[in-house]
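Let me begin by handing over the structure; questions about it come next.
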Amino acid sequence: MPSARNLTPKYNQGDELSPWRESLNRIIFGYQTRLGRAFDLVLIISILLSVIAIMLDSVEAIRLEYGSLLYAIEWGFTILFTIEYLLRLICVRKPWLYARSFYGVVDLMSVIPTYLTLIIPGAKYMLVIRILRVLRLFRILKLAEYIGEAHVLITALTKSRQKILVFLYTVLTLVVVFGSLLYVVEGDESGFTSIPKSVYWAIVTLTTVGYGDIAPVTPLGQFIAASIMIMGYGIIAVPTGIYSAELVKAYTDNKNPESCTACGEAGHDFDAVYCKMCGHKLSD
Amino acid sequence: MPSARNLTPKYNQGDELSPWRESLNRIIFGYQTRLGRAFDLVLIISILLSVIAIMLDSVEAIRLEYGSLLYAIEWGFTILFTIEYLLRLICVRKPWLYARSFYGVVDLMSVIPTYLTLIIPGAKYMLVIRILRVLRLFRILKLAEYIGEAHVLITALTKSRQKILVFLYTVLTLVVVFGSLLYVVEGDESGFTSIPKSVYWAIVTLTTVGYGDIAPVTPLGQFIAASIMIMGYGIIAVPTGIYSAELVKAYTDNKNPESCTACGEAGHDFDAVYCKMCGHKLSD
Amino acid sequence: MPSARNLTPKYNQGDELSPWRESLNRIIFGYQTRLGRAFDLVLIISILLSVIAIMLDSVEAIRLEYGSLLYAIEWGFTILFTIEYLLRLICVRKPWLYARSFYGVVDLMSVIPTYLTLIIPGAKYMLVIRILRVLRLFRILKLAEYIGEAHVLITALTKSRQKILVFLYTVLTLVVVFGSLLYVVEGDESGFTSIPKSVYWAIVTLTTVGYGDIAPVTPLGQFIAASIMIMGYGIIAVPTGIYSAELVKAYTDNKNPESCTACGEAGHDFDAVYCKMCGHKLSD
Amino acid sequence: MPSARNLTPKYNQGDELSPWRESLNRIIFGYQTRLGRAFDLVLIISILLSVIAIMLDSVEAIRLEYGSLLYAIEWGFTILFTIEYLLRLICVRKPWLYARSFYGVVDLMSVIPTYLTLIIPGAKYMLVIRILRVLRLFRILKLAEYIGEAHVLITALTKSRQKILVFLYTVLTLVVVFGSLLYVVEGDESGFTSIPKSVYWAIVTLTTVGYGDIAPVTPLGQFIAASIMIMGYGIIAVPTGIYSAELVKAYTDNKNPESCTACGEAGHDFDAVYCKMCGHKLSD
């Protein structure tokens, strides 16, 4: 689990700032002080409210009635978030590093679409990307714990990356081959009008989603489709197996790699103070 | 596995009651005596019959024919369950604690809707909540065993709670972002009439349910949809992996149950010779 | 893994029979001799052919053309299987025990429907139950191995039986409660015409099958449906986790339970000859 | 993980060839030299482009506009791949062994369909089989690593082969029996027009694909369907459990790789002091 120190992002590590920027930094980026946590809480509620406003704005009946109100809300939040973004740039220790960080990019992309709507009208719905900012929520909750949990999940994913790539390539090959096969077998009437569409159908089927907008009608087509389904039903075991095995390993692998200086015995628990074999005190 | 003693709920622990209340308590809350088990059995059969009656009442053809009979049955069971609820309140050791407990609330909610139908007609179908009362069934069956099994499952769920929250948050972020994306890409014709509806579609797709009432028709929409499907197909590995690993750990967590005679520390490896905490030799 | 001896079913264990019955027994029930394996092979091919004939007979276009031929085939196979069943009864060691065994019942049910069609016409399609007889196939293949594999799978299922019952009960409670909820929320127009039908819909949704013949149309209904989907997507982890953990335990649990007579060390591999801790020879 | 040596396929092992064939071999089959990697990269890009061209050709709107261009592209790539195939035959060490190997067959089948279109028009879409050639991609990437990963996955699949066969047989028996049952229960109106079609429906349902093109409408049919769904939801745990357990075993099979100096026995536990086979003290 990562320690408290390395939870501070790189762009906020470094020398002391001037007093007022230091205070601002503690409020905006910090979560140790009461004011810092309050700021984060207000921010997250604002983000959620703004995302809900965007969603409601997309419902025609609501837009017709409350369109101008939602328009005002959207601009209000955008201006607020713009000010916040500028303040972040001012008080952070390494502004350029922050601007290129994941959060920096998300923060910027959370305000740009509204300004873009002055040129491109549809762009505003992309504001829902703001929801990514809510990731900051984990900072208010018992932070280290959640980041630690996410860390375990991501480490397991990273370790099984290559296996998952091999798996994904197999899946893609299967859907291309089977999709083309059904394009040849089934006629246009059942919806298999082109290979790309048939490949789309094969993905819908293999992943067991099964919309039913395209479905084979000939006996041979249904036979091949049944094979893909059973295949898909079976190979879902592969990513699950990979990931389970990786997590099981991560869970059961919690032995200290260092060995006893007296008898050389290794494989002690992390909380062990004395060697379980010879009783000698373990070095810290 | 929990011992017999702590299976007695808190609201029924305490001093001896007056004789007749004590006998009533043993019949209604107990399952050690023959009469107590018989009471539970009759109760569960009554509950199941009443739930079936409510279900049948919702089928129009049956309601038209047997409506008045079902009406009588419903009131009959409701009055019976009301009397039973009052008796429980009278004979339990801590009535107020019982009334606020899970079973107390369920017992009350199992009778209220019928009385509410005098005011709100549709309320009666909420009586199916009575089915929760059947949880008491596990008391008649080999009790401790089943509670023990449920306990293992729930402990594993509790331990993986934080990981599952991280996972759920990721899933929600994905469906909001992808749902909005498809709202922008697809027009109104294919059913993506608003962002909330598109998010609903994204959930239907990511969870591989796939009704097909809303489905993308443009090539770009189908391409993005295919990505969500493969994602959904892959990330189902995450909760399964978390839960499997947690259960495997619970199963294989075979630490020596005996603790050190010197410092009381438990959880030693089976092959440990010395206490890992104080260095004292462990008794064999 | 079960030894060769206990693979002989109970109804065929016992004293020597008269020579001709003993030979017949060896051909019909045995698989050690060449003739016995040939008999099994011919039987399985006959069964598969008869099942295919029944299936084809259900396709109207084929029935109209080849109806009388398929009728003849059906009666031919039925008479053959009836003779075989009678021969089994004659040459088996304990006929009554065989008649009540799983295979005995399946063998009888594989011929009865044809005779029933003289009275009830539709009964013949139930002849597909013959497919269960193909389980005998595993006897011709490397028998013990396959039965051993099935044994591991079934043992793991049996061990997790109670957990799976707890899980199934939870699923049933969920679908009853959520089905009724959607019956109240959605009107008749969207297909939720009665609680039993709504419960059926809830099962279709929770198991991620998702036909789409019944689907919520109101925003509230879709919101509740989305909750069920995410729930269903998550709780599929439960049976998978239970079963995985049980199998992992079965796989990794292959240590010899007996300990060294010299130093008492336990946990030796099954193939260990000397104690890994003190070098003393292990008793066999 | 396989060593570098046994990554060279058998058909390319053997004596030195004449200089120019040796150079050609190194470029076409090798990936150690820069030219060899460049050749593989160009080849894979060509394959992907040709597959995309075939896919686009199947879209009617595109075929009408760019039909002749795509026709030229197709023949161009086919002639290129034919030349490449012939060069492979010339410079490989054992041409006949290569021609019968997996890659040899795929390479041949990647060009034949185009020539076949001179006789059978529809054949060309089978050219997508070319996508299998992209498997060579793993040679350019960190080869041994990916092959090692695939190796682990395939070994686990091979080891669980018998269990998966037992599982598949169970699934097939279930869909035949339940499919026939629904054919008898449901009439023709709901789409259950024949047993093969009903079996197809049962597969669609059991694998949780659920197109909805065929769906039961009678209460009894829906009740049986619900049972199949819950069954399908539960038994997906079986292949996942098998595969997870096999992978967990492969991961945690952490036996000491060093063998006994006296008898050569390997596979000792890490904490073993004496050889479990001959009782000789193990070197530390």
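Note that the chains are named A, B, C and D in the order they appear, and that numbering of residues resets to 1 at the start of each chain.
The rule we apply is simple: a contact is a pair of C-beta atoms (placed from the backbone, for glycine too) under 8 Å apart; a residue touches a chain by one contact, two chains touch by 3 or more.
Bear in mind that the values here come from a model prediction, so they are computed numbers and not experimental data.
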Expressed as a multiple of 5 degrees between 0 and 180, the CA superposition of subunit C onto subunit D rotates by 90
Would you kindly state whether over half or under half of the residue numbers at the subunit A/subunit B interface are used by both copies, giving same or different?
different
Of A-D and B-D, the pair joined by more C-beta contact pairs is A-D
Would you kindly tell me how far, in whole Å, the mean C-alpha position of subunit D lies from that of subunit A?
29
If you average the CA atoms of subunit B and of subunit D, how many Å lie between those two points?
41
Residues within subunit A bordering two or more other chains:
196, 208-212, 236, 240, 242, 244, 246, 248, 252
Complex contacts: residues of subunit A adjacent to subunit D:
162-163, 165-167, 169, 173, 176-177, 180, 183-184, 193-196, 199, 205, 208-212, 215, 219, 222-223, 225-226, 229-230, 232-234, 236-238, 240-242, 244-246, 248-249, 252, 264, 267
Which stretch or stretches of subunit D touch subunit A in the complex?
51, 54-56, 58-60, 122, 125-126, 128-129, 131-132, 134-135, 137-138, 145-146, 149-150, 152-153, 156, 164, 168, 171, 196-197, 200, 203-204, 206-213, 236, 239-240, 242-244, 246-248, 250-252, 270-271, 284
Within the complex, which stretch of subunit B touches subunit D?
208-212, 240, 244, 248, 271
